[in-house]
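Paired with subunit B in one complex and with subunit C in the other, subunit A is shared by the two complexes that follow.
And now, the complex of A and B:
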């Protein structure tokens, strides 16, 4: 096969998507909130990080405090949490597809604002050569291994955090409220407050992943945050299994390795169009096939929580899950 | 005033596209994200017929609309029928998958180069200082004509009544012997044909590029929600209102904000008046108590 560096890059990307998918799973899988605004939250975290660490006067940015990346990283996670709160507080009054449309619209508003506020974000020009941690110690191709390490650690942290949330009483209540909101309310659970907390938590987790995504991409521009990335993260989660603890991790690995590997196929330059089309086609095809033949994904929610879930034959539970968004 | 005219043209196109979208939402009970890719496909098929094969624009438009209507029926049978029993969520995500596949097909077939319809704008007419080109008049006329035809079809034919029966109560309609499968095929044909027509109209007014679908799905969603999804009049008004607001806002704030205006309106309506601008009944399914 091709050189190992290529596969290191693929694995790094897979770990980044896995982190995003696991964060999304907390709100969408367990919270039942169908969020199509991942791209917006990722954009908020990424731009916060880039602006806070920017120092080069040549870039002509109005605000460039040049903070250390170790300060900017947690700050962008916090900032993304705040953005999530600002979106979630009004949007969570809505249910099902109305929530979904609102989050999609907010994400698009964020992206357009980035384009318009060019004195702050450099608009469509974007910013290249983003500094990466430890790149003064390790240079050249070896740095790819460092980056893989960072991505793996991030994914591991996301796994541990989301797993703790999932098995905690908070996670159980969240799933209970998703399956039967009336009962959860009747038991005195503050469902709305819980959902906002969850939404903000997802924002913080995505904001924490955003810098790693930038280390990998190395250049930022608004096109990165088109709705496409939201759909890719969702596809990874659906393939892995919405609601399962390992689903996001497994789904992202399968999806990214698969789509990147297909990119290796030699294509006549005359058919370059087909090469461009392969990735969205495969993502779409995988999504359609998984939904049709294995709607629970590779790992089902039941496999994660075993006895905690009701029996598989319980139609009320399934109906509630479908209606819960 | 000139911008109001532009807004009416944009709004007419939007109304046509959104009606197709709302029809599927009402009868099949899911948001069909792939609808806007049908618009993009329509724009491309039309431009190829006119530009490459030198066809008359009206003939090309008619072929595109009927052809893609049929394609829509086939796609629904292949992609949506098999997962129909699994409910709206699975259907919605299947439509996202289909949208990605259609986008890939457009990229592979037509390439990433922007295409243009040959100049068909015709002469400029002036009414009281407001200019409007022939093609814009034709677009408004076609939009009004097709919406009126749809209204007539839904209200005065047996099949139209069956569609409305399915829209208001799927199970009851089935029990009462309404041919659900025929109804479903008809709806997919009309919806896709309307999407394709809106796509050709968009293409005639501007450039045809592969991103048309992703750009428009949000605006169509905005118009559909604004209109309240249930009433045809509501959707038409919402489309016009959104079109006019986007084009008139260009006078006050930079045009770059155009999409932001649409989404801002959408978010404001959802949060302040989730039942849509026209519907009387409160949209119970949209809001928690």
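And now, the complex of A and C:
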């Protein structure tokens, strides 16, 4: 068996993706806004954090206030919320696929801005050895457990916050407006304003996760925020169940553990490139299989809300459902 | 208070869907809007509720101009409409749909979602009780936890009506509320519409092709034909109007419901 430290790392990464997927679920699952700009928001939060905590004059950054990480962390979350607002306000005028493409484009714009603003971000050179919390107390391999703890706490916070949004009247109105915007408007719902707020909320949550991602990666550069990361988060959410409460958590665990396990398959070093090539194929296969047997994902939205109460032991409801269907 | 239409006009390309309609609809009375298919009834609803603003003319409710306002603003002023095709909030249950209609703005923010405000919790509890009351009156109690997309067309239609009652209406605009509804439930529907008028002073503006349903409950009837107002008056008078009968008999497809 591989050593436990490896799996601690895998779990840490899974918890980070779980946090991102649960945040995405609020706007995309319940809000119906299919956002392909996760990488951009993550970049905004990450760079905000890195810049605010930078102090080393050797790095040659124009702005390096050297803030404490405990100050920079919430500021990064807020900044990412601002960026989300700047993207959401114009993009939410668009519908469906146009919105989708626009968010993807904004994410790429952010990445290009990072490259261009090299005196602020160190551009493509990037920054290595990012400071991590508690690393003066716990060192060496043991630090991996600390990191796992931080990631688990982050995922737990995301779970509690997103669950609360989901089960609240606010979440209910979000789902209502997603299902039928005209009816929501006819009932006096300020649909657009509500969607922008939701978009900003997701931005804040992703910005809050960004530093944890950096603690894990330890180095930052623009390549890190290519669209690939957005698609991984989406894949995790779809596997887990778009619109469900636990889907992001479960989907990220399954996807990341699966992906890392594939990497462990022992092959002749001569054939390692083949393994690398079929890895995306295997991930695709996993996605297809999950959707074949559980079209709504591992957890469905139905099981998270009203329908759950019905199947919990109300035969009348089931009878009525059959009759009504 | 009343809803006042003054020479409201709406065209789609060459089609004059609403042709200079002027009418006064009291907020506490039941007003029927009838006319053959394609007469422009739904278009008029869309113009009033801000979904499809009129090309010209003015619409006011009480002392406020409402033409040009966005739909959510018109709804906030108390004009709550239903839709002819009852799709609803597909994945929400009947109960959730009712509660969503009643949720106040202050609870509809991410911070409000934390559920810290006592006011929001009290509001939610009161709404839940009201939702059960209204659905009971419409004979839908056993459907409370059924998803909207699993309801029959008739039950979805009833939900359109029930839901609109949750949104603090001052005047209901019901687009064919009786269509596809089972006869027994049409009785419940008319009873409730009447009771709302008599006990709470809440009137309705109702479009329907089911004239036996409509003529029994309406205080006033407006007949629309090819976009224009053909006749207005109390039900008995309209029923005796040869011109109205001609319009209806000329339209073979126009049966009840």
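Convention: the second predicted complex is superposed on the first by the 296 of 325 C-alpha atoms of A that agree within 3 Å, B and C clash if a C-alpha of one lies under 4 Å from a C-alpha of the other, contacts with A are read in each partner's own complex, and residues count from 1 in each chain.
Definition applied: a contact is a pair of C-beta atoms (placed from the backbone, for glycine too) under 8 Å apart; a residue touches a chain by one contact, two chains touch by 3 or more.
In this text, all values refer to a predicted model and were calculated from it rather than measured experimentally.
Novice: Examine A:219 and indicate which partner it touches, taking first as subunit B and second as subunit C; both and neither are also allowed.
Specialist: neither
Novice: Return first, second, both or neither, reflecting whether A:5 touches subunit B, subunit C, both chains, or no partner chain.
Specialist: It touches nothing on subunit B or subunit C.
Novice: Using the touch definition from the top, say if A:104 reaches subunit B (first), subunit C (second), both or neither.
Specialist: So A:104 only meets subunit B here.
Novice: Just to be sure I read the superposition right, which of the two partners does A:175 touch: subunit B = first, subunit C = second, or both, or neither?
Specialist: A:175: touches subunit C, not subunit B.
Novice: Which holds for A:71: it touches subunit B only (first), subunit C only (second), both, or neither?
Specialist: neither
Novice: Regarding the shared-chain residue A:264, is it in contact with subunit B (first), subunit C (second), both, or neither?
Specialist: neither
Novice: Show me the subunit A residues, by the header's touch rule, that subunit B contacts in one structure and subunit C contacts in the other.
Specialist: Overlap of subunit B and subunit C footprints on subunit A: residues 323, 325.
Novice: Tell me, which parts of subunit C touch subunit A in their complex?
Specialist: 49, 51, 70-73, 75-76, 80-83, 87-93, 95-97, 99-101, 103, 105, 107-110, 112-115, 120, 124, 142-143, 145-148, 150-152, 155, 163-164, 167
Novice: Can you tell me which positions in subunit A touch subunit C when the two form their complex?
Specialist: Going by the criterion above, the answer is residues 164-165, 168-173, 175-176, 179-180, 182-191, 194, 197-198, 200-201, 301-302, 305-307, 309-310, 314, 316-317, 320-321, 323-325.
Novice: Can you name the residues of subunit B that touch subunit A in the complex?
Specialist: 31, 79, 82-83, 86-90, 92-94, 96-105, 107-112, 214, 218, 221-222, 225, 254, 256-257, 259-260, 263-264, 266-267, 270-271, 274, 283, 285-288
Novice: Which residues of subunit A touch subunit B in their complex?
Specialist: 34, 90-91, 93-98, 100-102, 104-106, 108-109, 112-113, 115-116, 181, 192, 226-228, 231, 234-235, 238, 273-274, 276-281, 283-288, 291-292, 295, 319, 322-323, 325
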